[in-house]
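Both complexes below contain subunit A, partnered by subunit B and then by subunit C.
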Partner chain A sequence: MTARLPERPGEVIDRSSSLPFRWNGGDYTGMAGDTIVSALAASGVRVLSRSFKYRRPRGVMTADFNDPNCLFQVGDEPNVRAAHRLLEPGMDTSSQTSWPSLRFDAKAATQALSPFLGPGFYYKTFMRPRFLWPVYQRVLRTFAAGGKPSPQPGHSSPDKRYAHPDVLVAGGGPAGMMAAISAAERGARVMLVDEQHETGGYLRWSDSDGRLALADLRTRLAAADVEVLTDSVVFGRYDHNWVGVMQRSHPQGERLIKARAGVLVVAPGLIERPLAFEGNDLPGVVLSGAARRLLNLYAVRPGTRAVVLSANAEGAAAAADLADAGVEIAAFVDARAGETVVRAKGRTGVRSVELTGGKTVEADLLVTATGWTAPTALLNMAGVVPTFDPESSRFVPGEMPDDVMATGGIVGDGSVADLLSHAAAVGQEAARRSGHKAVHKAAAIPAAAALAPPSKEPVELPTLEPEPHPPLFIGSTSGFIDFSEDVTTKDITAAADEGYRSLELAKRYTTATMGPTQGKLEVINAGVAHAIATGRAIAGMGTTTWRPPYAPVSLGALAGRMLEPVRHSPLQPYHERVGAQPIVAGQWIRPNHYGDPAAEVTAVRSSVGVIDVSPLGKIELRGRDVPKLLELVYTNKWSKLAVGSVRYGIMCAEDGVVMDDGVTARFAEDRYMMTTTSSGAAGVYDWLEEWLATAHPDWDVRLTAMTDAYASMNVAGPESRALLERLVEGIELDAESFPHMHVRTGTVAGVADCFLWRLGFTGELSFEVHVPAGYGLHVWEALLEQGADLGAVPFGLEAQRIMRLEKGHFIVGQDTDGLTRAHSTGLSTLINSDKPDFSGKQELEWSEADSGTMLVALQPEDPAVVPPEASQVLSGNTLVGRITSSRMSPTLGRSICLAQLTQDHAAPGTVVTVHLPDRTRVRARVMEHHAHFDPEGSRLRG
Partner chain B sequence: MADRTPIFRSPVRRQDARGRGTKTGAPVGSVVVEDVSTASKVLHNEAPAGTEDTVAGVGHAARLDERIIYSVAPGEWLELSAHSPKPDGSISPTAIDVTHARALLRVTGTDAANTLEKICALDFDNRFTPSGAAARTSVAAIAAEVIRLDRDGSPSYLICCSRSYGDYLHGAITDAATQFAGQSVEWDGSL
Partner chain C sequence: MLLIDCPYCGPRNGSEFAWQGVPSPRPDPASTTPLEWRRYLYEEDNLAGWVEERWKHRSGCRAYLIIERHTATNEIRAVRLLGGTPL
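Take a look at the complex of A and B:
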C-alpha cells in the first residue's frame, strides 16, 4: 500500500525521477531526493529492523541520521544510516540483526526470557564453567548487532584536507546560517558544516512562514562568501580549536577535514527526546519531528489514524500537518494539561494507545512531542560544563572559552526572528574575535601584510532564554530508554539497586548510551531514571561524558591519504629495469640483490662489483673550527687529519654507547665531508647542530646535509682499479698515488666534481665514487658497460652484508644495541683518552675495565649450521650472549657469525653453545680476530 | 669508452602515483604540476648581492631577473636559476651548489592551493601566504620548502625537498590534483 501523498510544498523529492531499488530481496521504487527509509515508508514498509537484544520489531522513529532503528546493509557497506542516506538507483538494501528473516526472527524468543536477561546478565551467566566459554562465545556472536563488511580490501585512499576558517559554524539551521552570513559579511573566512543534505534545519519541514524565512536565508547565504559543507559533520573539537570535520558529500568519498578554526560557533539546534513508556519502541511510535519530516520533505503519510502526545508547539504543528495530509487525529493528548500516554499496544506495530484514565484509543500511529535534548557534545569537548535547567527540562551551555560560542536552540528558544537576531550577533562577535587572532597570526608571518585590527568592543548579544517545558522523561510504565541497546527503565533501576549509584558506572553496566546513537536520544532519560532510582533530584543528575567522535566516522576516512614517504637513489631506474629484489631500509628502497647474492660475493672477490651506496649519510662541514667539532664527536684523534686523507671513527653518546660510525674526509683546510650510516644520517646531523647551537655557538662551523647531492657507488674487487682507470680523469689511481684511506677529486665518465675515496666495507680493494646525483645513473651505467669484459656486476645489500661479515666489520644497530659502549665493539684503539674531551669520554673511562659484553667473531663447529640472528649463546645452561650477525660465507664455504658475549666468555678459543630455534644446539668457538677472512687486510690495501 | 655526454636526470621519473605520464601541450585542468628539478640551486649563508632589499629575511621570496631567491631559515638563502649555477666557473666561496641535492616542483593554477591543502597544513589564504612568502613545513609527510610566487596572475607554488623524495612527492601532488583534473606537464624552462 503506498503512503506517498500528493505534492506538498517544500518537498525535496523529484517526482519525475523514479529510482528502482531492492529491499530484503524485493523490488521497490522510490524517488530522487528520498532517503532509503522514506522510500520504504512510502511503499508501506513499517518494520525496518529488529532490536539488538530482544529482537523486537522496530520502525521509523526519528527519520534522520540518529534513528536507532534504521541501520541497514547497503551493498557491501554495513551500518548505513538509512534514514539519512539518499536513495540511489539500483541500491541493494537489507535489514541487519534478524534471523532467519525480518518478518520472523527466531531470536525474538528472548523476549520471553527478559526477566532473566537484566543488566549484566552475561557478566554473571557466562563466567562458569570456564571450559564452556568458547561455546558461549559462538552463540553470543550470533546476537551481535551490525551488518557484514566486505571481505575485499577497502576503497582507494580517502581524501583529506587541512582548512583554516576564521569562523567555523557547526550546524546549518537558521541560527547557524545567520551566524555564518553575519560573520562572512564582516570579512571573516567562514566554513558552515551541516549534517543534513540541505541547509535550513527545522525550517525545511515547517510551515509556509518557515519556508519563506528559509528562502531568504539561502539567498543571503549564497551571496555571502561562505564555504558550505552539507551532509558533513563536526565530529570533534580538540585543543586550540582543532576541529574535526567529516565531509560525507565529497565527490571522492568520505573526507576528513582538519580545521584550525579561529572561533567555533556551535549551532546544532536541539534533538527531540522520546518518552519512556511501555511499547514506546513499536513501529508506528514516532517523534513529532519525524512525522513532519516524512510528511513535508518526502510526502509520506506515516499512518492513517494517529494519537498525538504533545507538550510543546511542535506537537501541535505535527498534528496540524497530519490532519492536512488526511491522517485522522484520533486523540490529541495535551501533556501540559497533565494528560499522557500509559502504553502503546501491538505486536508488529501500534494497534492502540492507552491513555491516562484507562482510555484506549485505536490507532496505527503515535506521535510524541515531549521535549528536547541539547546536543552539547562540542561544548563539553571545549571544556564547557552545561547545567541542567529544570524549567526547560534540558541542559543549557555554561561559561565558554573565547574561541567557542553557541547560538540557536542549544542556547534558547524564541521566534525565528529571535533566533536570527541572536545568531547575527554571535556571527559578528565571532568575526571580531577571530579577527584579533588573524591580526596576531599575520604579524607572526614575515611575508604577510599587517591586518587592520577589529574593534576592541565586544558585540552585545541579545538574550535568548530557553522556554519552560514540562518535565517529561519517564512514563508510568517501563519503556525503552536506549533503543540501540534495548535498555529499559527497569534495567536502570535494577542497576541502581545493585549499587551502581554513579551514572557513569551504571551506564557501563547497563550499556545505556553506548550504542550507535551515543546518548543523543537517551542520555537525559537515562540520567533521570537513574536519579529517580537513586533518590536524587532530577536537577542534580549527572551526565555521561561526551567524547569525540560526535557521529560515527569510518576509520579509513580518519586515516586519510596514505602518505608513506619513500626515498629513492638516483640509480633506482637501473635497479628496477634489471629486476633487482628491493628491500625497505628505513624510508629507502634499496636493491637487496640482483638474483644470486652468493654469486655476487664471488664476483666481487674474484673480479669487480659495483654497489649503490647512495643512502650513505653525507654531511659537508665548512669552517676553521671543524677539527674541534670532530674531536668532540668522535672518540679518536682528528686534529691532524691531512688534506686528502680519510679517517674512520665511532661516535658515542654521553653515556659511552655507540651511536654511529663512519668516515670523514678532508678536502681542504676548512672543508670536510663526513659520512654516517644510512639510518643515522638525520640523527647525526641534528646531534652536530645541537652541539654547535647549544655548547659551541662561537665555533666557526657550517653544516650542510649532502646525502642526496651525490650518487654514491662502491667499486670493489681486485679489478676495481683497472675498471676505474678506464673512466677516471685527473686522478692517479695507483696504490702509491692514491693509498688506502685517502680522498681525491676528479672526473668520472665525463662527469666533473666527483670525489673518490679508497675504502670499502667488503674487505676488497675498493673505491667509493661519489657523483653529483643528477649524473649518477650515467656513471653507474658507464661503470657496468666499461667493466663488462672484466666481469663487473652490480651487487646488492645482501652480498655486501656477507662480505662485511667475512671481514668482521660491525653494523651499528645490528651488532650493537642501546647498551653497547665503545670498548665493547673491540675497537678500544679508537678511543683516545689523551684528548681533553669528547662525547662519552668520562663514561668510557669509568667502564673501560668492564663494559659489559664484547663483540667477537664466532665460528660454529658444524660449518653447515648458520644460527639465526638473535640466537641465544649459552655456557652450560647459563645465558652468556647472543648472535648479532650470521651468514653462510660463499668465500669460506662455512657459517660465520658475530656475537655479543659476556667478557668472561669473549677470550679467543672459548667454546660456547648456541641454542637454535629447533631446540638443538651447536658448539661454536670464539675467534682471534673479528675478521673471518683476510684479517691482515692485504687485499684491502692492494 | 663510448663517447657519451653525461645526462642530468631529474629524480622525478615522469609518472604519477597511478602510472600516468607527464603531458605535453596545453593543460586541461585548473592546476598543473611541473618538475623543475633541473633548475640550479645554490645555498648561500648571506644574502646574495643585490637581494638585500628585496628578500627581507626569513619567510620571504622574490623573483629577480631570471632568478628566485628565498629564505626559510636564519643564515640561509637559496638561489634558484634556470641556468647553470656556475656560468663563470665559480660561485661565491660562502655558497654551496645544492642543485643535485634537491628536487624542485611547481604547482600552478586556480586550484593550486586547493591541491596543496590536501597534503600540507599551511594556511594558503592570501592574507597569510601571499605571493612572496616562503616557509619550511611538512608536505605529504616530508620536510619541504613552500615558496609562493605567482605567475601571470595565477597562484604558483614551488616545492623544494630532498632529491631522494622527489619522485614520491611528485606522485603525492599529482594524486592530490586529481580532483581538479590536474596534470603533470613539461617544465617550460622559465622560473
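Take a look at the complex of A and C:
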C-alpha cells in the first residue's frame, strides 16, 4: 500500500528516480531525497522498531534526527538515525531491537510483566546470588538496544579542520540564515552550521508564504560570503568560544571542525515536545512537525483518518496540511479550549483515540502540537543559566556572555518578519563584537570594500518575546516520557516515592533522559512529572545539565588520524638497509638489534662494536654562569670541572626523586655540552629554562637544543682505539693524552667539528663520537668499513642494555620510579651535601638515613633462570621489592638482575626469594657491587 | 580550549601552553623545615576566583608568562611576561 501523495509544492524528492533498498530482508524502493524512514513510510510501513525495555511496537514520531524510534542498522554501521539519513540505492537496512522478527517480538512478553519492571528493577533483581551475575549478564545483553558495530578496525581515517570564523551561527533556520547574512554583509567571516540537509529550518515544511520567504533567504545567503555547512552539527561550546562542529557528510566521512569563533550565535529553533498519555508511543501518534515534514518534504501521507490535538498555530497548520493531502480530520481537539486526549488505543498502531469526556474517535493517526522544548544546550555550555518561563511553558535564555548571542525561536516567537528583524540585528551586533578581524577582511577583498562596515556603537536588538502557551506536559493517564528508555510517568512517580527527591538522582535511577535522545524530547516532561510527584511547583523545577556533545559524534571522528611525531636518527638509512630489528623508544624508532644481540655483546667485549646513540639528548650551555646552573640541577660538584673534562651527574626534582642522569662536558671556559637520557631531553630542557626564567633571570646562561644537530655513535670494545686511530685527525687517542672522562674535538673520517668523549655505557674502552648530523651516515659507514678487519660490528639497544646491566648501570625510569630518591640508587657519593643548595638537597638530607628502597644487583642461585622484569621479591612471605632489570648475560653465562629492595634486605649476601609468573620461586643473592662484570672498571680505563 | 594572547605570538590555543600554577616562593633552603618545604612542593590554595598563574608558551616562543585567570569562568584579563621584561 503506497502512502506517497501526488506532487507537493515544497517536496524534496526526485520523482524521476527509483532507489531500491532492503529493510529487514525485504525489498523496497524510495526516491532520491527520501530519508530511509520516509521511503519506508511511503511504502506503507508503520512499525519501524521495538522499544528498548518492553519491546512495544514503535513508528515514526518526530521524523527527524531526534526520532527515538528510528535507529537502524545500515550495512555495518549501527545506530543510524534513519529518519535523517538520506536513502542511497542498495542500502541494506534493518531495525535493531527485535527478535526473532519485528512483527513478532518474543520479548514483548515483558510488557505483561511491566508492573514488576519499574525503576531500579535490574539493580534490585540481579544482585543476588552474585555468582549468577555472568549468566544474568549474558541474557540481559540480548535485551540491550543498539546495533552491531563492524568487527573490522579502521574503516576510514577521518580528517580534522581548524576554522577561525568571526561569527559562527549554530542553526540554519530563518533566524540563523538572517543572522549569518547580516553579519557577512558587515564584513565578518561567517560559518553557518545546520543539522538538516538543507537550510531553512521550519520554513522548509511550512506554507507557501514560508516557502517564498525561504527562497528569498537562500538567494541572499548564496550572495553573501558565508560558509554554509549542512548535515553538520555544533556539538559543543568550550572555553573562549572553542566550538566543536561535526560535519557528517564530508566526502571523507565525518570531519571534525575545531572552530575558534569570535562570536557564537545560537539559533537552534525549538524542538517539539510530546505529551505524556497512555498509548502516546503507538505507531500513528506523531508530533505536528513530523506530520508536516512527511507531508510537505516527502509527500507521504502519515495516515488516513486523523485526530489533531492542538495548542498552537502549528497544530492548526498541520490539520490544514492533512486535510489538503486528503486525510480525513476525525476530530480537532483544541487544547487552548481545555480539551485534550486521554489515551490512544490499539495494538500495533492507533485504532482509536479517547478524548476528554469519554468520547472515543476511530482514527489511525493522532497528531499532537502541545508545545516546545528550547534546546539551550549551547547556552548552558557557555555558562548561561536559562530560566523556566511558566507563561510560555518553556525555558528562555538568561544573561549571556559577550561572545555568545541567541536569536530565533530559542529567544521568542513571532512572524517570520519578526524573527528576521531580530536576527538581522543580532548578526550586525555579532559582526561588531567580533571586532578587528572583520576589518581585515574588508581591507583584503576588493568586493568586501563595498560592504557596510561593522557598526561602532552597540546595535539595539528588537524585542522578541515568547508567546504564552498552555502548560501541557503530563496527561491524565500514565504515558511514556522517555521513548528511548521506556520510562513512563508512573516510573518517575515511583522513583520520587522511593525517595529520589532530587531530579538528578531520579533521572539516573529511572534512566529518563539517558537514552539516545539525551533529553531533547523528554527533559521537560521528566522534570514536570518529578515536580508533580514531589509536590513542587512546575515553575521551580530543576533542569538537567546539558553537557557536550549536543548530538552523537563518532569516536573515530574525534580521534582523527594518527599525528604523533616519529623520530629517526640520521643513520636510519643504514639500519633499514641492513634490516635492523626496530624498537619504539618514546618518539624514536631505534635499532634493537641486527640479528643476534648476544653475538653483538660478545663482539664488543672481544673486539669492537658501534652503536647509534643519536637520540641521546644534547643541550649546549654557554655563558659565564653555567657552573652555577650545573651546581643547582645536579647533585654533585661542578664548579671545578676542568676544560676538556666530562663528568657524570644525577638530577633530582625538588622532592629528591631522580629525574634524569647524564654527562656534561666543558669545551671551553664558558661553553658546555650536557647530555640527557633520550626520553628525558625535552623535560630537562624545560627544567633548565625554568630555573633560569623563574629563579635566576640575572644569570648569563644560554641554552641551545642540539639533539638533532649531531649524529652520535659509541665506538666500544678493546679495539675501539685502534679503529679510531685510522679515522681521527688532530686528536691523540692514547690513554695519557685522552684519558677516561675527557672530551676532545677534531676531525673524524674527514668530517671537521666532531667531538669525542671517552666514556660509555658498556664498560669497555669506548669513545662516543658526535658528528654534525648531515655527515653522520658517512662517518658511521667509514667506521664499519675501516673496522672490518678488526671485527667491527654494529650493535643495537638490546646488546647495550645487556652490557649496561652486566656493569650495573641503572636506567632512570626503568630501575628507578617516581619514588626513587637519589640515595636509593646507591650513588650517595654523587650527592654533595656541602653545596649550599641544589634541587632535591633538602629532601635528600632528611631521607639520607632511610631512603625507603635500595637499588641492588641480584643473582639468582639457578643461573639459568631469568626472572621477568617486575617480578616480586619476597623474604619468607613478605614482599620486599621487585626486579627492575634482568637479562641472561652472554659474558658471564648466567642470569643477572637489578632490583629495588627494602633497606633491610639490601645488604650484600642477603638471600631473598623471587616469585616467578609460573608460581615457582627461585632464590637469589644480593651482590656486593652493582656491576656483575669488571667491578673495578679496568677495561673501561684501559 | 583556552585562547591565550601571548605577548610575543598573539592569540594561540591553550594546548600550546604549559600550566605551572600559582607560583609560591621557594623557602630559604638553608633554614627550611620539612613542613614548610612540603607545603611549597605539594600544596595549592585552589582558589575559585582571580589568580595570577605562571604559564609557559611551551610549544611556541617558550616565554614564561604571568596570566590573570578566573578559575571559575576561565576568563583571562591579563597576560604579561614573567618579571615584566619589556618586549
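Keep in mind that, in the parts below, the second predicted complex is superposed on the first by the 812 of 942 C-alpha atoms of A that agree within 3 Å, B and C clash if a C-alpha of one lies under 4 Å from a C-alpha of the other, contacts with A are read in each partner's own complex, and residues count from 1 in each chain.
By definition in this document, contacts are C-beta pairs under 8 Å (C-beta built on N, C-alpha and C of every residue); 3 or more make two chains touch, one makes a residue touch a chain.
From a predicted model like this one, the values you see are computed outputs, not experimental measurements.
In the superposition on chain A, contact of A:E339 is made with neither subunit B nor subunit C.
After overlaying the two complexes on the shared chain, residue contacts for A:L563 are found with subunit B alone; subunit C is out of touch.
Contact with subunit C, but none with subunit B, is seen for A:D837 once the two complexes are overlaid on the shared chain. Of the two partner chains placed by superposition, only subunit C is touched by A:W242; subunit B is not.
When both complexes are overlaid on chain A, the residue A:D934 reaches neither subunit B nor subunit C. In the superposition on chain A, contact of A:E198 is made with neither subunit B nor subunit C.
Partner contacting the larger number of subunit A residues, of subunit B and subunit C: B. When the shared chain is aligned, subunit B comes close enough to touch A:L777, but subunit C does not. Residue overlap on subunit A between the subunit B contacts of one complex and the subunit C contacts of the other covers 260. Across the complex, subunit A is touched by residues 1-3, 13-14, 18, 20, 23, 26, 29-30, 32, 34, 37, 41, 54, 56, 58, 62, 64, 73-74, 76, 82-83, 85 of subunit C.
Across the complex, subunit A meets subunit C through its residues 238-242, 260, 383, 654-655, 686, 689-690, 693-695, 697, 836-837, 841-843, 846. Within the complex formed with subunit B, the subunit A residues making contact are 159-164, 189, 251-252, 258, 260, 438, 441-442, 445-449, 451, 561, 563-570, 572-573, 588, 614-615, 620, 622, 702, 704-710, 726-727, 749-751, 772-779, 782, 785-786.
Contact residues on subunit B toward subunit A in their complex (touch as defined above): 1-2, 4-11, 13, 38, 43, 45, 56-61, 96, 98-102, 117-123, 125, 127-130, 132-134, 140-142, 162-165, 167-168, 172, 175-176, 178-179.
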